[in-house]
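Below is one structure, written out as structure tokens; the observations come after it.
Chain naming follows the written order as A, B and C, and within any one chain the residues start at number 1.
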Amino acid sequence: MSNINGKVYAMNAITPMKPWKTVVLRGFFFLLWHVKPLQQDLINLSFIEFARWVVLPRRRFPFLGNGQVKEDIKYDYLLFFSNFNGTWNQYIDAFSAVLSKGLNLVWRWSEKFPGSVPVTPFKEYIARVQFDTDYYYTAYPQAAANDLKSAHIVQASLDSLCQRAQGCNPEQFADAYLRFVLEVQAHLGETGEAPIVF
Amino acid sequence: MSKLNETDIQGFVLRGYNLPVARYLFLHFEDAARARSLIGRLLPHVTTGQRWDGGKPQSTVNIAFTQKGLAAFELPDATLLSFPVEFQQGMKKRAGILNDTGLNSPERWDDLWREDRVHAWLGINAQSPAALDDRCAKMLELLQQTGGARVLASQDAAAVVIDGKPTTREHFGFTDGFGNPDYLGVDRSSQPGQGKLMPDGSWAPLATGELLLGYADEAGELPVAPVPHILANNGTFMVYRKLHQNLATFRAYLEGYSAHYGGGKEKLAAKFIGRWRDGTPVELSPDKPDSSIAQDPNRSTNITYGADPEGTRCPMGAHIRRVHPRDAFGFNGRLINRRRITRRGLPYGQFVAEGESASDAEERGVIFMALNASISRQFEFVQQQWIEYGNDAHLGNDKDILMGNHGGRGKFTVQGDTSAANPPFICSNLPNFVELRGGDYFFLPSITALGMLAMGLVDPR
Amino acid sequence: MPNKNGKVYGLTILSPIIDDEKATPSHDLQIRKYLATLPTGEESPFALAPGTHLARLVVMDDVIYVGMPACEEHLKSKYLVFESNCDGELDDYLSGLATSVPEHLDAIWSHCVGYPGAANRQAFVDYMKACQLETTFFFAAVNDKSVPETLRALQTQHAVANFIASHQGMEPARLQAEFTQFVADLKAAPVPRAGSMGQPRDIKTGGRNE
């Protein structure tokens, strides 16, 4: 069992919500989805590969009969699954430092959420509501989100250079090549192993 | 915030003394009672943060302890176990986290550091070698009279002297000594660029709790600290690393690669660090050094990278950009504020001018000391994530060219533009320019805490 | 449609695990045991079947009690969480799994209530959909590239960095010739295998105090 595979960490969290609060949360997510500028900070933090929230209403736990006992609970639950780069501490420090308002808007509806600032009680809460991953797979363990974005830029630039290079004489090619290098020069970081999580 | 009581804080924490010579004695305590008596006798000599209105003293004395050192005083277990995990483990056990592997691994350290015997660091700084020897002799006398500790080894360090005057140069020829952070309440001559960036572009001091225990930190809380509070308050943690510099390798590498670099040798060297050899920030003066900037405190550290996101002036992986990214990660620099460290330290070994021969085997380098309220959140983070790794700087696994543990692999990219003097350029097959020869994590207590240690008065609750 | 973001699909499956007191070890522990030894690199079922960027399997024992004044409550069943970030349409993805790695799917999901087996592809897809939760909000850093495109781009990035480093200052005619060869070699190179370069991890836990 490990929460980590290569450069990416799988965090799972489950928090209880009073059912009336779930409605408010859905409203916020609707807004976040459709008002793209609100997602800008999340994009700029650039260490999340994929993340999702799943609202699980108390009556919607999958029920398949066949002897299964139906669930009978009072709270709705908010499931959170994140695939992020870096250490657990680094991840939470960063969110607490720059995205505290957004975090609060998502989790204030969960019972006993202490707020995302200051960071120590916030980390204690996450540690309490986090549960561990049994099996974690990534198709590209050696690449962080930044590596992926850079790789796609390099691929696109190379494809473009190949096109331009058709029927160039050497001088024209050298010029196109220089422009290509300038396009990719900020995107050539090596990929490989991640530092030890601590 | 409450005013700092400078008489309770060791002077070494609050300001760099700018004294040209130093000797660090590494002590081992055999017996708790005699160790206490030693600290008691030492206490009146310890230099505090009190201002020197009568001019600098001839010499200063400061002291710090490893976890094993504190344990030698027979402090209660509850206190010892309340110290941060990384401090309890010591730097050697954290080697994996710090990437102190290969050439930097503990098996290759100096004898002093390979064995787990260092209990305390006694730092003596002085105006001259004579003053240094004099103060050391007095300290050794105290050690002998009390029988409180043995000296395991000592380390000398001194500012590089050029043309008869001490400078802030280090062995590779770069001017150092910029970049120590400003903290709220710490009285020192400050410059724009040393604190934290505010939304309006000005610089404000960092929260005191980023340096000193017992004060609010940048996260809006009191940092986690050992108990009892009175033992921890006004104290801080110190990281000590002896960094050997492979001067011959560095010079040969620079010579070799700059022959193919359109900007020339000095510019390539400047691109490695982010400052020209005289200290001019490359970001402010990308084409040549400019002493009017380097020597102007209003400009020499007043740098932001917002106008240079692609690194065409100051490369994205340049040393000073890596260790103090300022606004390079966006969010008005808010991701940086809890990752700052205060550096003290001096070069050691004989300085060899450019053009004269040097060998990697000669003992020379820099004694690196970092002061911070949390070793794991500040120093270890910068070392692991920003020096030995590059993801935050969008550089993947690329390491800091100057200090990275390269092992002959890896690369450094100089981002450029279309001009012939500033071309894009890649340096490959990086050797270890710097090698770690040892070190450890220390706790630098307040004057009050030293008194408690001396009197055996530490109670965890 | 929140389950999708660009070209990536956010699949969240919550499968109730069979609760049988007579099973020794219990079904959830059997799943855990199987997952503990399942390869996470190139030999992972998710590397062998197409379309998975990142996926996890988690045995969720219960909800978590956050402490008073919240009420303590418990689930009647344990659940197997399957969270996948994958390419393409849901039906194709699930069918792909059933075709490529049926023995792994059966080994894991046979411990879950109402699982029909992967042999009957349609029944398998219907079962998964019956256990599917709607993703409320799905974030993806890169949402428009498939797994093979991504693996190829990473290979290209590495090769390009090496090419640029080894061709500095080369005169144009030779540069052009070598570039042409480089591109041909790169095109001919096989796409790297998914899940590769994952080293077996030394599990290290950090102290939670910082």
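To be clear about the criterion, contacts are C-beta pairs under 8 Å (C-beta built on N, C-alpha and C of every residue); 3 or more make two chains touch, one makes a residue touch a chain.
The model shown is predicted, which means the values in this text are computed figures rather than measured ones.
K.L.:
Along the shortest chain of touching chains, how many steps lie between chain A and chain B?
P.N.:
Between chain A and chain B, the shortest chain-hopping route counts 1.
K.L.:
Which interface, named by its two chains, has the most contact pairs?
P.N.:
A-C
K.L.:
From the centre of chain B, which chain's CA centre is farthest?
P.N.:
For chain B, the chain whose C-alpha mean is farthest off is C.
K.L.:
CA centre of chain A versus CA centre of chain B: separation in Å?
P.N.:
34
K.L.:
Which whole number of Å gives the spacing of the CA centres of chain B and chain C?
P.N.:
Chain centroid spacing, chain B to chain C, equals 42 Å.
K.L.:
Rounded to the nearest whole Å, what is the centre-to-centre distance of chain A and chain C, using the mean of the C-alpha atoms as each centre?
P.N.:
So the centroids are 14 Å from each other.
K.L.:
Please list all residues of chain C that touch 2 or more other chains.
P.N.:
As it turns out, chain C has residues touching two or more other chains at 161, 164, 204, 207, 210.
K.L.:
Spell out, as numbers or ranges, the residues of chain B touching 2 or more other chains.
P.N.:
96, 224, 376-377, 411, 424, 426
K.L.:
Where in chain A do residues touch two or more of the other chains?
P.N.:
In chain A, residues 46, 89, 147, 150, 181, 187-188, 190-193, 196, 198 touch at least two other chains, as defined above.
K.L.:
Using the touch definition from the top, list the residues of chain C that touch chain A in their complex.
P.N.:
That would be residues 2, 8, 10, 12, 14-16, 18-19, 31-32, 35-36, 38, 40-41, 44, 46-47, 52-61, 63-64, 66-67, 70-71, 73-77, 79, 81, 83, 85, 113-114, 130-131, 133-142, 145, 147, 149-154, 156-158, 160-161, 164, 172-173, 175-176, 179-180, 183, 194-199, 201, 203-204, 206-208, 210 of chain C.
K.L.:
Per the contact definition, I'd like the list of chain C residues that touch chain B in the complex.
P.N.:
Contact set of chain C toward chain B: 161, 164-166, 168-169, 204, 207, 209-210.
K.L.:
Give the list of chain B residues in touch with chain C in this complex.
P.N.:
That would be residues 84-86, 96, 224, 260, 374, 376-377, 411, 424-426, 428 of chain B.
K.L.:
In the complex formed with chain A, which residues of chain B make contact?
P.N.:
For chain B paired with chain A, touching residues are 94, 96-97, 99, 219-221, 224, 310-311, 316, 330-331, 334-335, 337-338, 376-377, 380-381, 384-385, 388-391, 394-398, 410-411, 413, 415-418, 424, 426.
K.L.:
Residue numbers of chain A touching chain B in their complex, please.
P.N.:
Those residues of chain A that touch chain B are 7, 41, 44, 46-47, 85-86, 89-90, 93-94, 96-98, 117-120, 144, 146-147, 150, 178, 181-182, 185-196, 198.
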